[in-house]
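Chain IDs A, B, C and D follow the sequence of writing; residue 1 opens each chain.
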Amino acid sequence: MKTGRLEAFSDGVLAIIITIMVLEMKVPEGPEFETLLPVLPVFLTYLGSFVYIGIYWNNHHHLMQAVSKVNGNVLWANLHLLFWLSLFPFVTGWMGENHFEKNPVALYGIVLMMAAIAYRILVWKVMKYEGSNSKLKKAFGKDLKGLISILFYALGVIISFWIPIISLMLYIVVAIIWIVPDKRIEKIISEEL
Amino acid sequence: MKTGRLEAFSDGVLAIIITIMVLEMKVPEGPEFETLLPVLPVFLTYLGSFVYIGIYWNNHHHLMQAVSKVNGNVLWANLHLLFWLSLFPFVTGWMGENHFEKNPVALYGIVLMMAAIAYRILVWKVMKYEGSNSKLKKAFGKDLKGLISILFYALGVIISFWIPIISLMLYIVVAIIWIVPDKRIEKIISEEL
Amino acid sequence: MKTGRLEAFSDGVLAIIITIMVLEMKVPEGPEFETLLPVLPVFLTYLGSFVYIGIYWNNHHHLMQAVSKVNGNVLWANLHLLFWLSLFPFVTGWMGENHFEKNPVALYGIVLMMAAIAYRILVWKVMKYEGSNSKLKKAFGKDLKGLISILFYALGVIISFWIPIISLMLYIVVAIIWIVPDKRIEKIISEEL
Amino acid sequence: MKTGRLEAFSDGVLAIIITIMVLEMKVPEGPEFETLLPVLPVFLTYLGSFVYIGIYWNNHHHLMQAVSKVNGNVLWANLHLLFWLSLFPFVTGWMGENHFEKNPVALYGIVLMMAAIAYRILVWKVMKYEGSNSKLKKAFGKDLKGLISILFYALGVIISFWIPIISLMLYIVVAIIWIVPDKRIEKIISEEL
């Protein structure tokens, strides 16, 4: 089975998630700039979630480029990832509308963590199907970045019950780690080509 | 006529259905975890509907892989299937917000059943156009799984007027049957390649 | 310029239009079947609009199959068509929620008519760019069906101010005319291949 | 890395933005034409935003046609552009619902300007990666149109605090400049082919 349609479907879902999150930013009633103030936390959360979905799209793009074929397990692992990502608009709205209070920050972190775990599972399923000598295995052999992300999210969830601002910082740190392009895979791919 | 654009359009519609269902999960007002409680049944229904749309996408993917060309009848049979699937967000919302009461459970089952019938019609139209010796016919010759699904949905709709919980269980059983990857088609395709 | 991305973008827009129309069907509050009654006219309008968008997607699909390249004029003619189709969710909602009263029926007809005219313009722009000997010109030489549709819509709009039910019938007649697959183009294409 | 998936994802996001903007046009309660009057400014704003997104899609289409490969920087520059465009539904709603008052007109102009700047950055990143002798560099060497657009938007934002109607005119002038097809790139591409 080729990867084309899996990529097209994932692109579609990610494009919709990234776009409908903006609907959580409710258009204010009056024309004054002050009416925008309550929307600001939602905007900031939207910005963060946009970056996160962008990171997943980028990584997904890289991953699928290193893959030549997929099976049923990979399809379901991919849907599992998309499920957690599809909860972003909900948790984005809840955190933004409640001005980063502890419970919404915790839930946001849980969804981030589950998405990161789902991505790891997807990578494992892909590697298992591609075989041990695949270029993918070389690229993802020890995925320190992925494990650190999951750890940071878990820490963020726990800490959020006391000091949510630190949780937010941890989430931002993980985003920054990932915005740096994934040299590992780019390198392996260009070596093999 | 090639299958490419039919697949792209179906992917688009399925990607949107699977994603806008999450909009039925209304963001609660307060920051307490208790405010999430009323959202829980909607979340569970969303989870179920996500799995169902995932199953249809997987099966659609398998089906179209065994097909080389389509005609007007297949296009309309496909749109007919997408119509019933497009009602998922509505029945998901109704069932979730009414905590699995009998009428919403019945309507949910009716839409599930109509979608299953629409899928059977699509398979028939595709087989008719592909001809009797196609690999598709071998794969779908006697579609026991499809017929059992329709039967279970019909049972679920009838039972829902007395004990909706049993209906829900029947719906879940059908989902589990389908999550198992469709070995039939995968086998035939790999034999022929 | 190739047609690939024009088709992909149009597929995306049509897929979204056909799917977000369902959001106009507001989930009712209670679990009784009677609560669904007010939703029924919206459902019927949704069904009609779904069929219309399906027809446009089919025709668009046929048209683009007979085309090998596009220019800026074709891109804008295509966007013009998508603009009128994008108003379907709005007029569908207004007509459905007002139970087929005369003004909403008139506005629905106006949008149908403008979309039909926009489709004609698209066909003209495509034919102009493809040249006079193209197979497209043979297929669309005298587009009786297209002209009759525009005439029927115009009649429907005028009549709606007195007897909206006749307008609705006229709209349905046009839909039935178009559901019949476009033998003209299919014939010409298969002749040439 | 090929451009295919970047185009598919951008198409998806643009298709969704262009379509969900129509959701800002709230379906009025009554069946009288007068109930449509408050929707009129939102409709006009929607029309304008539709044209703008159409222009960006056209230009993006042209740009990517002149490109053979992309890297991580280009992916992020593209996401940056999509971010500003994704704010169109919000600023469209705010400006339309407040009947073109000064603050919403200013914010609309700011988002227009940021999107124009993001597009310039995308072009730069693409040119940098493609190298100095690329046909793209010839086509985009001195992008007068792009710079004039940014200048006009900036002027529009400043003037909006006194006479918003002039700002709207400036925005419309820029749109008209861009609707004229980009002969530069079309010319260079056809020369090289």
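What we mean here is this: a residue touches a chain if its C-beta (ideal position, glycine included) is under 8 Å from a C-beta of that chain, and two chains touch if they have at least 3 such contacts.
The structure displayed is predicted, hence computed values, not measured ones.
Enquirer: If you fit chain A onto chain B using the CA atoms, what's the rotation angle, as a multiple of 5 degrees?
Expert: 90
Enquirer: Over half of the interface residue numbers used by both chain B and chain C, so same, or under half, so different?
Expert: Because under half of the interface numbers appear in both copies, chain C and chain B meet with different residues.
Enquirer: As a quick test, compute the distance in whole Å between the mean CA positions of chain C and chain D.
Expert: Using C-alpha averages as centres, the distance is 26 Å.
Enquirer: So, what's the distance in Å between the C-alpha centres of chain D and chain B?
Expert: Distance between chain centres, rounded to whole Å: 37 Å.
Enquirer: List, in ascending order, every residue of chain B touching at least 2 other chains.
Expert: 8, 12, 15-16, 20, 23
Enquirer: Quick check: in the complex, which residue numbers of chain D touch chain C?
Expert: Against chain C, the touching part of chain D is residues 7-8, 11-12, 14-16, 18-20, 22-23, 25, 27-33, 36, 47, 50, 54, 57-58, 61, 64-65, 179, 181-182, 186.
Enquirer: Contact residues on chain D for chain A in the complex?
Expert: Spelled out, the residues of chain D in touch with chain A are 1, 5, 8-9, 12-13, 15-17, 20, 23-24, 71-73, 75-76, 79, 82-83, 86-87, 89-90, 93-94, 97-98, 101-104, 107.
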